[in-house]
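Scroll down for the structure; my scribbles are underneath it.
We call the chains A, B and C, going by the order they appear; numbering starts again at 1 in every chain.
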Amino acid sequence: MELLKKLCNIPGTSGAEKAVTDFLLQFINKEKKDWKQEPEIWVGEGFQDNLVLIFGKPKVAFYAHLDTVGYTVRYDNYVIPIGGTDGRTGDSLVFEKEGKTLETRLVCEEENDLYLVDAHLPITPGTTLTYKPNFILENEYIKSPYLDDRLGVWALLQMAAEAENLALVFTTYEEHGGGAAGYIARLLFEKHKVSKSIITDVTWVTNGVHFGKGPAISLRDSRIPRKAFVDEIRQLAKKAGIPFQLEVESHGRSDGKEIQNLPYPIDWVFVGPPTENPHTALETVHKTDVDLFVKLLLVLARI
Amino acid sequence: MELLKKLCNIPGTSGAEKAVTDFLLQFINKEKKDWKQEPEIWVGEGFQDNLVLIFGKPKVAFYAHLDTVGYTVRYDNYVIPIGGTDGRTGDSLVFEKEGKTLETRLVCEEENDLYLVDAHLPITPGTTLTYKPNFILENEYIKSPYLDDRLGVWALLQMAAEAENLALVFTTYEEHGGGAAGYIARLLFEKHKVSKSIITDVTWVTNGVHFGKGPAISLRDSRIPRKAFVDEIRQLAKKAGIPFQLEVESHGRSDGKEIQNLPYPIDWVFVGPPTENPHTALETVHKTDVDLFVKLLLVLARI
Amino acid sequence: MELLKKLCNIPGTSGAEKAVTDFLLQFINKEKKDWKQEPEIWVGEGFQDNLVLIFGKPKVAFYAHLDTVGYTVRYDNYVIPIGGTDGRTGDSLVFEKEGKTLETRLVCEEENDLYLVDAHLPITPGTTLTYKPNFILENEYIKSPYLDDRLGVWALLQMAAEAENLALVFTTYEEHGGGAAGYIARLLFEKHKVSKSIITDVTWVTNGVHFGKGPAISLRDSRIPRKAFVDEIRQLAKKAGIPFQLEVESHGRSDGKEIQNLPYPIDWVFVGPPTENPHTALETVHKTDVDLFVKLLLVLARI
């Protein structure tokens, strides 16, 4: 869990993911010699801040997003959200100033639906604020800001050692506006004919999806993946005997939406453990679900 | 009208269109020997559940969508809409269970804006519900669920016998999220330089568009097609002496939106007969409009 | 300012930009012999109503949009907006009828949130209405309908005389639905590897952006440009000593959104002077901001 903790602690809101990309690249370059197959790495010039690992001749791509929600300072210390941030008065937020990490607190003016930060000095407009790191292992739970989707990033890294003929895709901009997953999906389709995508991200505990019963395979969120492909994934999971839950939602969206709307015939499905308190300063996930999530991904890797 | 009835009766919500695609393919393979020109068929692997007929060297493409609105069962027999379904308490809905077609009824909890189905036993989450077939010919009207857009599909099939140098495109996902028409439009542009698209779908009776006065040519819905192309289509219809109506709407959208937003220079226009009760269990269209709709398409085929 | 006045006076709502394109083409063909480098012109067949000037081997592209907001006549002289038009009761609107320009006035039925025009005779449904030309130079201000974005178009033309190794892009559909900037951005990327885009358009006077303090460089609107690229642009402006303002917004969007969502790795940033009364019959901009806007663009041309 040390790696997951490190990942959760790196600031990287949509549009400003470079520190996470750099961390990953360093980690990968250190570890890859011990992997069964050394991947081709797509990174840097021509890839914006995305990162892709190509193992062999990929037949399937797994996506996790690097970016997180947060806030941008507007004027007079008022802030506006990046993605669907769900901050509360009193949340500790951090930001960079001249190379130093400073801290402030969120204040919600409920009557005006405005958010600002409690600071004696004005913070420069455009400054990005993120939840203060706070990684907690507690009984059966992992709690931290930014399990969404550093947990998916971490899970994909668990796949790397044994990976063959697949792509691991680390995308940007998922939380705010999109525009990255589609680019990588197009490249993978054009260069390697990859038409199968597994979106790995956290989802929600609801009245139909519970803690400890395994990762959810989503039958739909605001978008509906193609039935034929979802059925294939369900069959694989069932055959392998991995416990999982079926999710049916009318809202929410993932990098799957990007891929769906691309003018290329690429299938997608969403897989991920449920969380409580999404987009808050302390997202929560159950260890059993995390464990089964990785097991399921290893099964789907052999699609 | 037997063919239209059959088409309206096949369940096929967005993401689950395969049964309609299969029916079409079978129909086409049986009929094509009698057509003036035998089309190339794009279907199956690499096309998801879309189907395209390429006649000769196409200069224009006609689009109709295969998918319909409906419901997905969530948890505890509550349901969520697929597309903009406009169901009412008491509507008969059908679904598949272990190869059998079962029936249930819709209940609207108006106070909570929630929909559920009236069933003694829980229906498996993820099950798709569609309006029970109910095709009625009554005086000058055709009434049925899913005239939207099985009528467009049927109309395109009326064009097949005489088709030359055009494409007939049967798309998926129009009602929910999109993602298919754009793919086909890109392929047609790249392979055949097709830059003219006619979207055939039903529209609405309004204070400006009436039953029995011919199909509507839409000057705009939520999207605005390029004036130069719409003017060309209007001229062709006028010259041929086919009665039609001009539609001007601020809302609604069609596969034209997909094509508009594609990064390729492809024009589109929407053509279709007006209906009453859109997206309900009994959509209504006027026979005269249907007749003139097909006549207009045959004129536009010679663009 | 004569050229800007002429540009502001040409009707050209989204989808009906051809008159502006034609005016530009005529202007360019007349002037280009005096330019340092004669551009390749992309216009006409295959470009819809967009226009692009390619100078040398472009390393960066500057975008301004040709289209404006306005109204479409629906039925019974009621009208619906094109883009986010902000008309008021009494606004003078013009339209074409049989080659003549006619005038009418806007009436807002506030209780129903409906807009109509005050005309004795019905105006043909589908007719496009635009604000009556009204270009005013007043002290330090320029006032006119459609400074958005004819000012950007004008500014790009100021760059043409000295332009080398860049593209000037005049797009359509920015105000309503999009679909053009993405196409040109894709072509520029595929043909010339252009991955840097400067969106030139007007923005808003707010509590953080003021008249007379220079053009705004936007750190975000509803979309967030990539930090690395925005930082590069800020550095260039700073180094050149051009006064500018930093903008941080949660809403609004530009052709940058199109480019962001394209499945190609193209960076974008928004640059433009602030205006008051956006999308009304009399938008206002400060002359100092216009002057510094052009100066900034000339600096960014040497990126």
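The rule we apply is simple: contacts are C-beta pairs under 8 Å (C-beta built on N, C-alpha and C of every residue); 3 or more make two chains touch, one makes a residue touch a chain.
These numbers were taken from a predicted model, which means no experiment stands behind them.
Q: How would the subunit A/subunit B interface be labelled, same or different, where same requires over half of its residue numbers to be shared?
A: The interface of subunit A with subunit B is built from mostly unshared positions.
Q: Expressed in ° and rounded to a multiple of 5, what is the rotation angle of the C-alpha superposition of subunit B on subunit C?
A: When the C-alpha atoms are superposed, subunit B turns by 120 degrees onto subunit C.
Q: How big is the gap, in whole Å, between where the Cα atoms of subunit A centre and where those of subunit B centre?
A: 36
Q: Could you say which residues in subunit C touch two or more other chains, in rising order?
A: Within subunit C, the residues that touch at least two other chains are 262.
Q: Going by the contact rule at the top, pick out the subunit C residues touching subunit A in the complex.
A: 195, 206-208, 219-220, 222-228, 246, 248-250, 257, 260-265, 267
Q: Along subunit A, where are the residues that touch subunit C in the complex?
A: Touching subunit C: residues 13-16, 18, 46-49, 72-76, 80-82, 125-126, 173, 176-179, 182-183, 185-186, 262 of subunit A.
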